[in-house]
Amino acid sequence: MMQTAVQHGLDWPVNAISRVPYALYSDPEIFRRELQRLFYGKHWSYVGLEAEVPRNGDFKTTKIGERAVILTRDLQGGINVIENHCAHRGVQFCQERLGNRKGFVCPYHQWAYDLKGNLKGLPFRKGVNGHGGMPEDFKLENHGLTKLKVAVRNGVVFASFDHSVESFEEYLGPTILKYFDRVFDGRELSVLGYSRQRIPGNWKLMQENIKDPYHPGLLHTWFVTFGLWRADQESQMVMDGHGRHACMISRRNAGGKGAVTDGVQSFKEQMTLHDARLLDIVPEAFWNGPTVVMTTIFPSIIIQQQVNSLSTRQILPCGPNSFDFVWTHFGFADDTAEMTQRRLRQANLFGPAGYVSADDGEVVELAQDGMRQHPEYQTISELGGRDIGNTDHMVTETLIRGMYGYYRKVMEL
Amino acid sequence: MMQTAVQHGLDWPVNAISRVPYALYSDPEIFRRELQRLFYGKHWSYVGLEAEVPRNGDFKTTKIGERAVILTRDLQGGINVIENHCAHRGVQFCQERLGNRKGFVCPYHQWAYDLKGNLKGLPFRKGVNGHGGMPEDFKLENHGLTKLKVAVRNGVVFASFDHSVESFEEYLGPTILKYFDRVFDGRELSVLGYSRQRIPGNWKLMQENIKDPYHPGLLHTWFVTFGLWRADQESQMVMDGHGRHACMISRRNAGGKGAVTDGVQSFKEQMTLHDARLLDIVPEAFWNGPTVVMTTIFPSIIIQQQVNSLSTRQILPCGPNSFDFVWTHFGFADDTAEMTQRRLRQANLFGPAGYVSADDGEVVELAQDGMRQHPEYQTISELGGRDIGNTDHMVTETLIRGMYGYYRKVMEL
Amino acid sequence: MMQTAVQHGLDWPVNAISRVPYALYSDPEIFRRELQRLFYGKHWSYVGLEAEVPRNGDFKTTKIGERAVILTRDLQGGINVIENHCAHRGVQFCQERLGNRKGFVCPYHQWAYDLKGNLKGLPFRKGVNGHGGMPEDFKLENHGLTKLKVAVRNGVVFASFDHSVESFEEYLGPTILKYFDRVFDGRELSVLGYSRQRIPGNWKLMQENIKDPYHPGLLHTWFVTFGLWRADQESQMVMDGHGRHACMISRRNAGGKGAVTDGVQSFKEQMTLHDARLLDIVPEAFWNGPTVVMTTIFPSIIIQQQVNSLSTRQILPCGPNSFDFVWTHFGFADDTAEMTQRRLRQANLFGPAGYVSADDGEVVELAQDGMRQHPEYQTISELGGRDIGNTDHMVTETLIRGMYGYYRKVMEL
Amino acid sequence: MIDLNLRAEIEDFYARYCAVLDEGPLEAWPDLFTEQCSYRVVPRENYRAGKPLATLAFESRGMLKDRIYCVKQTLFHQPYSQRHLLSGMRFEVTQDDRYRVEANYLVIRTKVDEMADVLSVGRYYDELVRDGTTLRLAVKHCVFDNELIPNSLIYPI
Amino acid sequence: MIDLNLRAEIEDFYARYCAVLDEGPLEAWPDLFTEQCSYRVVPRENYRAGKPLATLAFESRGMLKDRIYCVKQTLFHQPYSQRHLLSGMRFEVTQDDRYRVEANYLVIRTKVDEMADVLSVGRYYDELVRDGTTLRLAVKHCVFDNELIPNSLIYPI
Amino acid sequence: MIDLNLRAEIEDFYARYCAVLDEGPLEAWPDLFTEQCSYRVVPRENYRAGKPLATLAFESRGMLKDRIYCVKQTLFHQPYSQRHLLSGMRFEVTQDDRYRVEANYLVIRTKVDEMADVLSVGRYYDELVRDGTTLRLAVKHCVFDNELIPNSLIYPI
């Protein structure tokens, strides 16, 4: 493996976490290792919300890494995650995104599975008129679907291919768990809808993007102007003990002109809205201080609380050079009609066309373009130093360094 | 090579022929070896029917594996198969699917070949005004097109890149040859037309599909309901001595409800046709018992006789993850107009939109999807046991095991 | 590396320069080496014309090999070539093809560069309110854009990633330099416009095409018929000392029927134009004899003077199997309106739809098709012998042999 | 040139035809044809060479109903959406209340979680007849250029 | 069937609508809508499932102006050109001077130095009202089939 | 708004134009132009920048005939089929019997054994004149967005 990596010019000083070789973003062998160790290894990956499968028999199809999986609520009401390929001869048997079934039947030869992934039966198993059928020693229980380990916390479902993974709570660690519970506090969730985009960039670039408090005040003029995000506002950058997960926490301020806007080319002082409803922001009790908390749970998911807009953003890599980015916008079952409308209006800011996130997809694509052309080159993420640590300001790239510190350990690169 | 295979997780118990690693369906190194040993090695591949090139000078372009070849009838009436790239600097010189020519001239520098592939001349070979030209020792006979070994049997043309291949009759073996001659009995053939589809799956999945008597009664409701195919009908599964070729032979029965339809989810009892002409089946003398014989000739072709519908189905791999599937529907020159119309009506059942074959393309694509996502996983084809042998029933996957038994020998995997 | 090559069947007799293995045109490892040694090594690559960036602050984006670069005229009027990816985290920051700027600002975090590629500043470098910022020892001068070595000769700009490359004049050598200066004699150039095509073939096939005096009289009927190019006209084939660059020099003759048209299938005797303005050719002083000089400067560019039509044709490889071909048609600032119109009319002969060049793109594609299908096969370029040397006729492939003689040295294949 | 109202009526008919195929319900599709009709989907190579084989060849409204039943009830396939675009419609009155219509068509297919692509592109060679207050297709021959079908063709074109 | 002149007027309106989006100036786009309008770009899955989330959801001409300002002034994106093709337009007069219009649409995107591809394909569900001498869109809902957006959607559809 | 009959006549002309290019015979194409005409196929970048270079630039029906002869007799190329789709046609009467017409166009190409793709997409900027009973193109400028041509452009657009 490393052969290829070296071929591709991977030449990475030991312990350098503030410099990342461009080859890491496009090398197919490295990507294969990422799938094995990060997405299929001892990590928890997001699969969905309980609110997406409220009734017994409900299911939702999604992916972990490049593997198709199905989130099901079985007939006893239990939550399961099973792999979406038939144990017989591999058919990805379930296509619908959402549905309700008593079980799954593969179209090719009608092997039948229950919602837990157990093989319940198969045609002609005992033969026909004494002919054929499966061998005597064939046991249904040995040929079920791949079952993943499942963790459900406050309505959010995570799964792992490795059953020896630590508990979800240990995985997040106390700091991140606290912020996870801040949004997911046990109230019933309601799904507002989905947005999907295929971003032609390496999946890690999106993790970096949400571990990067440096860019919002510069790339997203909108944020700056309306004080939703600027370098001079109160904020904390915090990580779990491994540096793999993080929260960017901040509180909006007045906005408008100020020290941090001087010479910031993207700042537009005179900007005002023709229709202010887009920014009709109303504080919510659970905020409990911060107006925004962006949580990155390595490797698969971002949890967004941006004023009244809430979403999970799932990362589904498609090879080293692109990934699908799936947004699930949600609110709470007890939201007023006004609050729901508010969340939907503010949703204009986010997603593939969003005022402050369409451009993230664009720069990720351009970073991939720039990096593919020169694999031997390296990034430099040294804002706020070269080490790793939580901060009470946002003038730092410490969260990115934290992620690569952990990445190098697990990837043995 | 095996390096890569192992990298991709190929871990295949010796002699296991009822379990096939998913990696076999997408690994590029394995595919490269398949081209060399199966398509370009000591095997016969289908190229077409004599009826497609009836007149001297007629030609047809096609492929063997990934190599473009041309089937020609030379000016002496002989059948030739030559490779479609110029000996000079590689141009694939012939584009038309069908045509008539005295010979081939490459567009780039007009090197001229006869229909046998011999280089007949090239411009300025002797120079111009005493300048240039080809070296003294340049011999036309050393620079012809690649000529393949050709076998013609009862109007069907096969070719091999390896001139040391056994005879076509030995290649098929007596059993398969008998069924080959059943359809191709020497009567003049008439081509009714072509259907083409690009199926995003590994080419072997299509061979398996036609060596799989287990699926038609389950996937193809149509078959079951009208008794064209069901698990309880008379049938034989036979192979050549190597297990590489096979015939699925069966005789339709009454159809309708019965033991083998109980619990078969796809069975629709009350199904009837608004216009029965689609199933206006009239037995033909040559059937001689069976109503259907599906013949797989490894690695390139399937011969279909389904009641009155006749076709060859050619497999043209495009990389490990897809193949082009070319259907040539035919009848006999002495068919009545009614019989021709009957064959054409029944053709609705087959091809890329066919009532009982569009779904084969769909499941092949889904098998590829399922297998690509988990290369380390394995299929299980143990219906009717784990060994190889002909059967007089269809409740078996023996033909698939037969193919992989041979495959492992030749591929040394 | 050669492992892969051998895997792909590269088996190339030492010193054979008249036979080239097909694998050379599609092998990814060989292509990677070509990028490193030919496009990013000690060679000069074309980037554009000074006339494209006439004013201070003007810039043009283009590529060398697969790397995006920017040609700029800085505020002091100097010509620079810099790589188009940000030193921070890799964003390809400039998208417009042409423009005018005081400097470049990366959209992601607004790192600011001058037109020479120097990093001039970055936001929050000194931190905000005493928090964060870049480390003490961070020096702007260590983090500029990649700067290429630049050569400007008579209005044409070349660049090299390797600053130890010999001078452009030495690189061309006296013979080729003479013909370079014949077109680019110091007169001011005026750009007439661009044509772009993506040709699905290996980039070397285009270099061969313009080092191949054998094909124009055969592929391009137009040329033959109107005597713009035929095998019996006065011509010289000349190379630099390394055989890497070349000129095909010729003088049109009467056209019509003659020895060299006998048996040339593409010749059409009775061909005449309904509107002769397409061939309203008027000799120009600088021609100084030849009516056509086609210059190939290895590896990146072709300079065309075909009667009154002038263009540079830039080769931008996109992987081993395709390249972008960019035509910049130009004239001279002192051209009369009639001469400009003449150049534009004759431009119909060239480019992606050109009467005598659309077919070059087509045969290149077909050569790639033919070669990909059979990597173990070899070309044979032995017209005019097997050695390398200038000639005073065009019945030779010596220029192609010259290129591969040099290629084998540099590529160590 | 044909009467403007007739022209508009025919354009409306095709707008309805496309809406039925793209928006559903597919069960409404057979009613757009006459009882004795000819519906064929044909690769251009067979059409040009005069070869009789079609990808789909139906000879009655009943066969169209059977196809829809098959697609909805028995033919397993992955879900996809299709979107028709027609252009360059040509009209000719061949007899009273019988019109020959030709048009270029493009059908864009979108499969779940995939990019949109071209499912079928070609030309309609149709004949419409007036049946009381409405128009119906007596003949619809869809001759497609992209002979290499992207796996399968499930819904009508 | 609606009046032929009205039909032509509506077709002309859509020709202008597409020209504004494809040829510019984008600043002219909001004026094609009424002051109180509903413009939505919606993935088909949300539309079908009755989920309220839209990719873009605007409720007034002011919001349309804000979007254009954002696209032109604050939203960083790579340059691209778009080209609209409409087909199968259906017309219905719902009240005096109010018309429901549906049509299939296809938007082809071309990015610099890339091949053209499908940016968006789907169906318009619109309502037009007469405002003095001109028509304006009171409702324009663009429901797209290709739910997996090729990175981002910058300009209006 | 222009007269409805004229509008239909122009639409019919374009339907014929596309049929000639997509169905043939190509030899009929020059007759759709006036003797002194301007036919240009131009990449948008040159058009926008005011650069005079065109991919094809013809100044008379004779040049169009020469092109067709070249395509049929002398210009080697791989066979492909093309299919035109037009949309958003705009009409303007500039003088008696002279009309300016604009429309978006999309040309889908299919090569043997390949998937269909976009050959050219852009906009027509045309002028039509009445020549006795028929219309002819005095000006046809095809400005294409997809400046990076997929290898080559053989047949007219």
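Chains: A, B, C, D, E and F, in written order; residue numbering restarts at 1 for each.
Just so it is clear, contacts are C-beta pairs under 8 Å (C-beta built on N, C-alpha and C of every residue); 3 or more make two chains touch, one makes a residue touch a chain.
Owing to the predicted nature of the structure, the values given are computational and were not obtained by experimental measurement.
The minimum number of touch steps linking subunit D to subunit E comes to 1. Taking the definition of touch as given, a chain qualifies here only if it contacts subunit A and subunit F alike; those chains are B, C, D, E. Each chain gets a centre from the mean of its Cα atoms; the one farthest from the centre of subunit D is C. The greatest centre-to-centre distance from subunit E, using averaged C-alpha positions, is reached by B. Counting the residue numbers used at the interface between subunit B and subunit C, under half appear in both copies, so the two copies meet with largely different residues.
Subunit A and subunit D have CA centres that are 43 Å apart. We define each chain's centre as the mean of its Cα atoms; on that basis subunit C and subunit F are separated by 31 Å.
Residues of subunit A in contact with at least two other chains: 95, 97, 107, 196, 198, 219, 266, 324, 359, 362-363, 366. Residue positions 4, 76, 78, 85, 87, 106, 112-113, 115, 117, 147-148, 150 of subunit F are each in touch with at least two other chains.
Across the whole structure, chains are in contact as follows: A-B, A-C, A-D, A-E, B-C, B-D, B-F, C-E, C-F, D-E, D-F, E-F. Note for the complex: subunit B touches subunit F at residues 95-97, 107, 196, 198, 324.
Of all the residues in subunit E, the ones that touch subunit A in their complex are 41, 43, 45-46, 49, 51-63, 65-66, 69-70, 73-78, 147-154. Interface residues of subunit D, counted against subunit A in their complex, comprise 76, 78-79, 112-113, 115.
Subunit C contributes residues 1, 29, 32, 66-68, 83-93, 95, 105, 107-110, 123-124, 127-129, 131-135, 138, 143, 146 to its touches with subunit A in the complex.
Interface residues of subunit F facing subunit E in the complex, by the touch rule stated above, are 1, 4, 7, 44, 85, 87-90, 102, 104, 106, 117-118, 121-123, 145-148, 150.
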